[in-house]
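One structure, as C-alpha cells, below. Some questions next.
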Amino acid sequence: MAPFEPRDAGWQRRVRDIFARQGALALLGAKITELEPGRCVAVAPFRPELGQQHGYFHAGVTSTLADATGGCAAATLFGADGDVLAVEFKINLLAPAHGETLVADARVVRSGRTLTVCSIEIFVDRDGKRSPCALMQQTLIRVASSAS
Amino acid sequence: MAPFEPRDAGWQRRVRDIFARQGALALLGAKITELEPGRCVAVAPFRPELGQQHGYFHAGVTSTLADATGGCAAATLFGADGDVLAVEFKINLLAPAHGETLVADARVVRSGRTLTVCSIEIFVDRDGKRSPCALMQQTLIRVASSAS
Amino acid sequence: MAPFEPRDAGWQRRVRDIFARQGALALLGAKITELEPGRCVAVAPFRPELGQQHGYFHAGVTSTLADATGGCAAATLFGADGDVLAVEFKINLLAPAHGETLVADARVVRSGRTLTVCSIEIFVDRDGKRSPCALMQQTLIRVASSAS
Amino acid sequence: MAPFEPRDAGWQRRVRDIFARQGALALLGAKITELEPGRCVAVAPFRPELGQQHGYFHAGVTSTLADATGGCAAATLFGADGDVLAVEFKINLLAPAHGETLVADARVVRSGRTLTVCSIEIFVDRDGKRSPCALMQQTLIRVASSAS
C-alpha cells in the first residue's frame, strides 16, 4: 500500500479523542501504543473479568479491541469534521488468546471517500513471546462529527 | 429448520455453566433470558462503560453478547462432555445500538458433528420499543470439555 | 421487517436489466424466479462446468448467484437512477450443494440511504426435495447509474 | 508466519489435481501460476461472460478464483489422503475489478489439525499495472479424500 497522508493537521488529537470517549475501551483498560496515518495499535492487559470459560481473553474482548483500532486507523485519514462508525467486521479466532496482554494492530487497506476497509492482526503476549491469535477484516463509514 | 433434540439430559445446567464461567459476560451484566435446544437469548443493560463515542452500545459489546449467545445456542446440542469455541464470526451493525437494553437472540442454523453455524439477531430496547441493531453469522467448533 | 415500498415505478424493469447485463449470470444459466420490493429469488441448473472436485455446485457459483440476488433485492428499493455495487459479503457453506438446481433467496434486512444489508438463503433442489446449503450476509452500496 | 513444511511428498500433484477437477475453474479459464507450501496464486483472463453490469469482473468470479486458491493453499499442507472444503469466507470488494487479468494470491495464516484459515489478496492487471481489487478471509476444513 502507498503511504497515507492525513488531511487534518489535528488528526492525532482527534483520533485519540475518539478512543478516549469510548467507555467500553476504558472498561478494557485499553491504550493506544502506536498511531500513524492509516495505522493504530492498542493493547489491553488481561484480568479475569475479560476472560471466557477457559481463562483466555474473550472473543468479544478481542473483537472490541480490534474494532476500536480499526476505527482509529480509519479516522487518521479523515478530515477535521470526520467521525467513524463500523459498518461490519469479520474475525477469525486463530488460537486461544492466552497471555498477559492483547495487542491489536490495524492497518487501512482501502481509504475511499465514503468507506474505509481495515485489516487488523491481533496478537497475545505471553512470557515475552508474541503470537497471532485473531485476524479481522472490517468496513467503516465516515460520518460527520456530531460536534460539527 | 427442524426442531432440535438435545443429546445430554443435563444440557440446561451445562450451558448455563458455560455462560456463568465467562468473566466478560459478568462485566457486561449479561443474563440469559431464554434457553431452548438450538436457541439462546441474553440481555445486557446499558451503562456508560459499555458505550462508544456517541453513547450507544459499543460494537464490541454488541459482538460480545451476540458471540456468547451463539456459543450457548450451539452448546445446547452438544453431548455431556462438549464445550464450545467460536471459530469466527461476522457482524453487520445495522443501526446505532441506542437504548436501555441490548438483546441477542441466537439460533443454530446448522448443527454438524464438528462445526455449528449460528445466526444471531441483535436488538436494542428503547422506551419500550424493540429495534434490530445488528446481525451476526457465526461458526463454532465443538471441543472436549476441559473437565472431561 | 416492515414491508418495503419501491421509490421508482419502473423498479421491476430496472432490476431485471441489472440482472440481464451481468455476463457471469448468463454463464451460470441463472434466471430470476421471484421479484418483489426488498426480495429477489433466482435459480441456476447444475451442469459439470459449475462444479467443484466432488461434483457439487462450486462455492464460487453459489456465491455468484447469492451475490447477484442480494444486489437485485437491494436495487428494488433504489430510485430510478440507482445502481448497486457489493461492498462485501460473507458466506457459510452449510452442506454440500448436491442437486439439480441452486436457489438463492435474498431479502433486504436494512435499507439505508447509502448502504443496504441483505440476508441470502441458498438452497439446493434434489429429487424434488429442497435443502439449505449456504447462508450469506452482504453489504451493498447505492451508486448513480452510469446511464444517468 | 513460519515457513510451512508439506507432509505429503506428492503435494504438488495432489493440489493441482484438486484444481483441475473443478469444472467451475475451467469455465473461468483459471490457471495456477505459483504453488508453494501454504501458498497458491492463480489467474483468470477477462471475457464478457465473466463480467457484471459495468463490464468488470463479477464479484462472484472474483470470489470463485479467490476461494479456489485458498483451498489449494490449504491443501498444500495436508497429508496424502487430505481433501479440502471451504467452511466459509468473507470478501471485501475494494475497487472495481477492471482489467485484463484477475490474480488471486492465497496464503495460509493458520494451519490447524481440522481447520485452516487463509488470507487471499486479489488483484487486477490492466495495461501492465497491478492493483488490489479485493481481500478475502477464509476458513477451510480438511476432509478425507473420497478416493481414500
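Per-chain residue numbering starts at 1, and chain names A, B, C and D are given in the order in which the chains are listed.
Everything below uses one rule, namely that contacts are C-beta pairs under 8 Å (C-beta built on N, C-alpha and C of every residue); 3 or more make two chains touch, one makes a residue touch a chain.
Quantities reported herein were computed from a predicted structural model and do not represent experimental measurements.
Asks: Using the touch definition from the top, list the chains contacting both chain A and chain D.
Replies: B, C
Asks: By mean C-alpha coordinates, which chain is most distant from chain C?
Replies: Ranked by distance of C-alpha centres from chain C, the top chain is A.
Asks: Could you tell me which pair, A-C or A-B, is linked by more C-beta pairs in contact?
Replies: Higher C-beta contact count between the two pairs: A-B.
Asks: Counting only Cα atoms for the centres, state how far chain B is from chain C in Å.
Replies: About 28 Å, centre to centre.
Asks: Measuring centre to centre with CA averages, how many angstrom lie between chain A and chain B?
Replies: From the centre of chain A to the centre of chain B is 23 Å.
Asks: Return the distance between the CA-based centres of chain A and chain C, expressed in whole Å.
Replies: The computed centroid separation for chain A versus chain C comes out at 32 Å.
Asks: Of all the residues in chain C, which ones touch at least 2 other chains?
Replies: Expected reply: 87-88, 90, 92, 117, 139.
Asks: Name, in rising order, each residue of chain D that touches chain A in their complex.
Replies: These residues of chain D touch chain A: 90, 92, 94-95, 109-110, 117, 119, 132, 135, 137, 139.
Asks: Looking at the complex, which residues from chain B come into contact with chain D?
Replies: 87-88, 90, 114-115, 117, 139, 141
Asks: What part of chain C is in contact with chain D in the complex they form?
Replies: So the residues of chain C in touch with chain D come to 18, 21-27, 47-54, 58-61, 63-65, 67-68, 83, 85-93, 146.
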